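Shared between the two complexes below is chain A, which pairs with chain B and chain C, respectively.
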Partner chain A sequence: MFYRENGQFKSSYAADQQLLPILQDRVFMVALVAFAFVVVPLVVSDYVFLSLLIPFLILALAAIGLNLVVGYCGQISIGHAAFMAVGAYAAYNLVLRIPQLNFLIVLVLAGLVAAAVGMLFGIPSLRIKGLYLAVATLGAQFFMDWLFARVKWFTNYAHSGSVQTAPVELFGWSIDSPQEKYVFLLAVLILFTVIARNLVRGHIGRAWMAMRDMDVAAEVIGIRPVYAKLSAFAVSSFFVGVAGALWGFVHLGSWEPAAFNLTLSLNLLFMIIIGGMGSILGSFFGAAFIVVLPIVLNQLPQFLGIPMSTAMISHLEFMIFGALIVFFLIVEPHGLARLWAIGKEKLRLWPFPH
Partner chain B sequence: MARNWPVVLLCAALLVGLALPLATGASPPGFYVEVLLGGLMTGVLYSLVAMGFALIFKASGVFNFAQGAMVLFAALAVARLAERMPLWAAILLGIVVMIALAFVIERVVLRPLVNQEGIALFMATLGVTFFLDGFGQTVWGSDIYKIDLGIAKEPVMVLQGLFQGGILINKEDVAAALVAVALVAVLALFFQKTATGRALRAVADDHQAAQSIGIPLNRMWVIVWSVAGIVALVAGVIWGSRLGVQFSVSLVALKALPVVILGGLTSVTGAIVGGLIIGVGEKMAEVFLGPVLVKTFDLAGGGIENWFAYVLALLFLLVRPQGLFGEKHIDRV
Partner chain C sequence: MSQRGNPIGEVILSVEGVSLAFGGVRALTDVSFEVREHEVRAIIGPNGAGKSSMLNVINGVYHPQQGTIRFLGQTYHDMDPHETALAGIARTFQNLALFKGMSVLENILTGRNLRMRANLLLQALRAGPALREEIEHRERVEHIIDFLEIQPWRKTPVGRLPYGLQKRVDLARALAMEPRVLLLDEPMAGMNLEEKQDMCRFILDVNDHFGTTIVLIEHDMGVVMDISDRVVVLDYGKKIGDGTPHEVRASQAVIDAYLGVSH
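Here is the complex of A and B:
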């Protein structure tokens, strides 16, 4: 923004390698986190929490997960909602069968189960790639939909096939009001964002990006494709599985298998295309976009005084999504995150661009 | 031969699975043939949609996720237009609409994205899918519509002498299969005998070489997308007359994806054979394997045809990554 990093010298490796090397960025980030933790819960209404912020936080986590495998490792997946479902049902069964387990441990275990399943469906990526893999992950989507709808054990023999959960309890803290949910999710999201940021700039992330850019060349310089691809699938599915568990437990409360269908998968993909592939920040932008757009579309006709049916609005939503995907792929393939970076760079030099 | 043993093994296993219900006496032969024919009929429809995929992939290197949406769009167009005019006029007008759509897609989506990676193009067609789903239902409406082809729907009993109780065949299905065969024949002639077809094959082989001898790439893309649109229209009309035109048609058309990867992305023959294999495979699995699974694992109903096609395609991919008829791909750095 309106700052220069002039005069900030790095005199140690630690200073050179920190996540936010510029002082102003650090101050901004701390202020943003403090704002999100302290001010937002005080001023924002319950409606905004339930329909905007809570879905945003969880979808952002899922989008980061998907971005790791699609944006960083270049392995396209159109079935990631299936791994969200795995996380959600794993968490449901863990809570149901081992009630004394702490919810944080449940989250981690659910993520691990999702990671295992993700690796299983990632195995085809070793022999096939690109578009073939897309179809394989689509298979994962339909298979998981079917599995959770048909195998009664997963839903604890519920007649309707839908499952209910009790409010999450953490060290005696019952997370049931929108504010509490928000704070809890925010903490989880920040933790995972830091993990993701560190992963993608470490040797694992570099291996993923090398696989993405040219797999044969990566293999030649000594990156093991098996290890790189499967680790991308595992980590990605872990993130997405945790997001799925949170989506079920904290956001929905009760859900049926259709909650994690192909539409959600495509929406996740949409988020990272619009937000920016290969960018953690982009996942946030994309998630925010997909949460806000339907609400804006719902309010706008009323605001402008144009009557519009709900069916019409949902079709319009589809059209705008589609047009935006094409638009971004043509104009700015790196999405909103890239636009943000360009804007920042421009502002940094402003008003003397030369 | 020796190198192909996994493929041979897989095919053998599938054939054994196919023969099992008959061999164990789990089904009467008449019923078995009925299921087989039903599978083949569905397979013909899958083949039709898959052919659209293969055509576009071959000519423009685009993995067209929107083929299902195009099927839905075309079917909706024909169904709604047929309310106001005779069916043949509706179909002709539908063809015009699909050609116009091909023009728009080439101009708006493909041309700016020329020379991009396959994945970017694939995602662009994902955008086209979203757009067409919304646009089609905005323009044509989102209820369930009917297409009446004027063919009697009641089944006919045939081969009563050969099987006990005879075999029930739907006249409409037979007509659909004939139309599909005719379409394949026309396409084959078009590709083999006409100058445009030759140009298309040249483009498919090597974009740059084709361009350098003066084949206009952009016009070829419009043509191939138009052809894919017309194939989608035929598939949509047949499908619509069987199941009614509704949103789920575009989901069923997603089944064409495993079909093309099983058959090999670049091969029209592969699309046809793959469609038949998957059509028969999933119908057999649903009817004969489904109840066994339900009984063994105490499931809440069958429905394994939702994913069986994908698993089948994946099994094939694991032993033969380029698909049955695909060209072997060699990477160079």
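Here is the complex of A and C:
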């Protein structure tokens, strides 16, 4: 950035440990949030809301959740869409069976159910690591796919297996239009981002990172692996469960079990790999990348006036998308968040590097 | 050594008849020794003598087949790392085991984790008690940072620090636990002369200032002779010598182990 922390001396640990220690960062963040809340709803079209911003906000939340367990605690999971499904179906059943419940409470309860299930599937992490754990979490994915497709109670015995939801109501406010959905999701996402930042700055976050970086040393220092790993799975699944409930209720409106399949799990994993493991900011970058890029690639030929068939476009979209992921992994394996950090460090001294 | 802050006291830690084997390999055979409060106790021996295994037994990473460990009046057959940490035994590692993805400050703060109580919800909201706790422990950690003279690198990721400094952060992290006994596994390995001198000074200062009992493994004989009060010598998993540096240096068994004997 074009500013630095010069002259801003901290005289208490509280001041030194705040979320954004540099004044300019705080100003920028307030401006950004104000812009997102006030200006964006006025100028952006419905199409952009529905196909870009709303999926971005929910997937960013899910990516933050996944990043907590994979990026911060180092326990790889490729079954996280399953926990989204748990959140979505838990919310569906809560709304169906206890209609008078406030939607915010439904979200919290859905998150808690997902957290419990996540913890259960996190138990293998106590014994196995790395790729083996990845395969074990894949079990969560297949089990949940099967459960929601076969056990009819969860879908209220719907014939097609797909469930419908009414628009979300909150204190008499019906969240129906794209603008309203956007504002609601933005508020939820900001809240959860702050919570995630607080957790990773607190002692639980340090326990997670210690587990990730050097598990034997962490144990010797007095961090209990059982607590650190399972709490990471629980918190992560809570985030992802809430994201799942929002994905179902606010974004899709009606869905079938296949909405939360392995592809979504892998997409979440790509988001944090591309965005940056162990970085909250990276989760945003990654979600944006995965949501925006296919749409941009899809629109590009038309935009440039190149005549192409739709089939051709969608094939090209896949190929370029894949190539870009590989390119990013080679050029910057630590993700977009690292690129951002390097850029910031360079700009700190710019234009006089010495 | 004459005017140390804490006179050597009673036995605080004793290892009694410990044997440890990995399959057919006997790492330790019937090893016993005692550590007195406030002393600097060195464990020496040739490569593969079982020194690191001994430390790993004391802090519960390895579980011995035989023998007991008495610490602060409690008898343990085997220790569990978490329990050990709670009881007040900290350690540093031979091959650096710092948390590479974290800053110096965060690394040292993990040493305080044991004492931090705020639950998940309080931490998530960083509400009153959680925030107070963070600040209170930060203050403790800052004392240690000052003590070990690592102030300029507080916010630097540990991976970027030179080796000697990383060793110092490792020591700081262990000190943050406020241990009664500090186990140091080759604190001076791979250091140049200047770094060794600094590290010696820090070890003696820690012993003097905090009264921490120190058990260290070291290869540099000059260092061992200078800073330790008593020395245990291991060879092939057996204890072959125990006493003051002067006694140990004069022992024929120890000389044989180090120089070899003609058969």
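Heads up, the rule we're going with is that the second predicted complex is superposed on the first by the 327 of 354 C-alpha atoms of A that agree within 3 Å, B and C clash if a C-alpha of one lies under 4 Å from a C-alpha of the other, contacts with A are read in each partner's own complex, and residues count from 1 in each chain.
Rule of thumb we're sticking to: a residue touches a chain if its C-beta (ideal position, glycine included) is under 8 Å from a C-beta of that chain, and two chains touch if they have at least 3 such contacts.
Values in this document were obtained by computation on a predicted structure and should not be read as measured data.
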item: Which of chain B and chain C A:297 touches, first, second, both or neither; value: neither
item: First, second, both or neither for A:210, with chain B first and chain C second; value: second
item: Contacts of A:341 with chain B and chain C, given as first, second, both or neither; value: neither
item: Touching partner for A:221 - first (chain B), second (chain C), both, neither; value: second
item: Which superposed partner A:17 touches (first chain B, second chain C, both, neither); value: second
item: Which superposed partner A:258 touches (first chain B, second chain C, both, neither); value: neither
item: Chain B versus chain C as contact partner of A:116, first or second or both or neither; value: neither
item: Chain B or chain C, by number of chain A residues touched; value: B
item: Contacts of A:195 with chain B and chain C, given as first, second, both or neither; value: second
item: Touching partner for A:76 - first (chain B), second (chain C), both, neither; value: first
item: Touching both chain C and chain B, counted on chain A across the two superposed complexes; value: 214, 216-217, 220
item: Contacting residues of chain B [partner chain A, same complex]; value: 63, 108-109, 112-113, 116, 118-120, 122-124, 126-135, 137-138, 142, 251, 254, 257-258, 261, 265, 297-304, 306-307, 310-311, 313-314, 317-318, 321, 331-333
item: Chain C-facing residues of chain A, complex; value: 12-14, 17, 195, 198-199, 201-204, 206-207, 209-210, 212-214, 216-224, 231, 235, 278
item: Residues of chain C touching chain A in the complex; value: 59-61, 81-82, 84-86, 90-91, 93, 97-102, 106, 109-114, 116, 118, 120, 123-126, 130-131, 133-135, 138-139, 142, 173-174, 177
item: Contact set on chain A toward chain B in their complex; value: 74, 76, 124, 127-128, 130-132, 134-136, 138-139, 142-143, 145-146, 149-152, 161, 214-217, 220, 262, 266, 269-270, 273, 311-312, 314-326, 329-330, 333
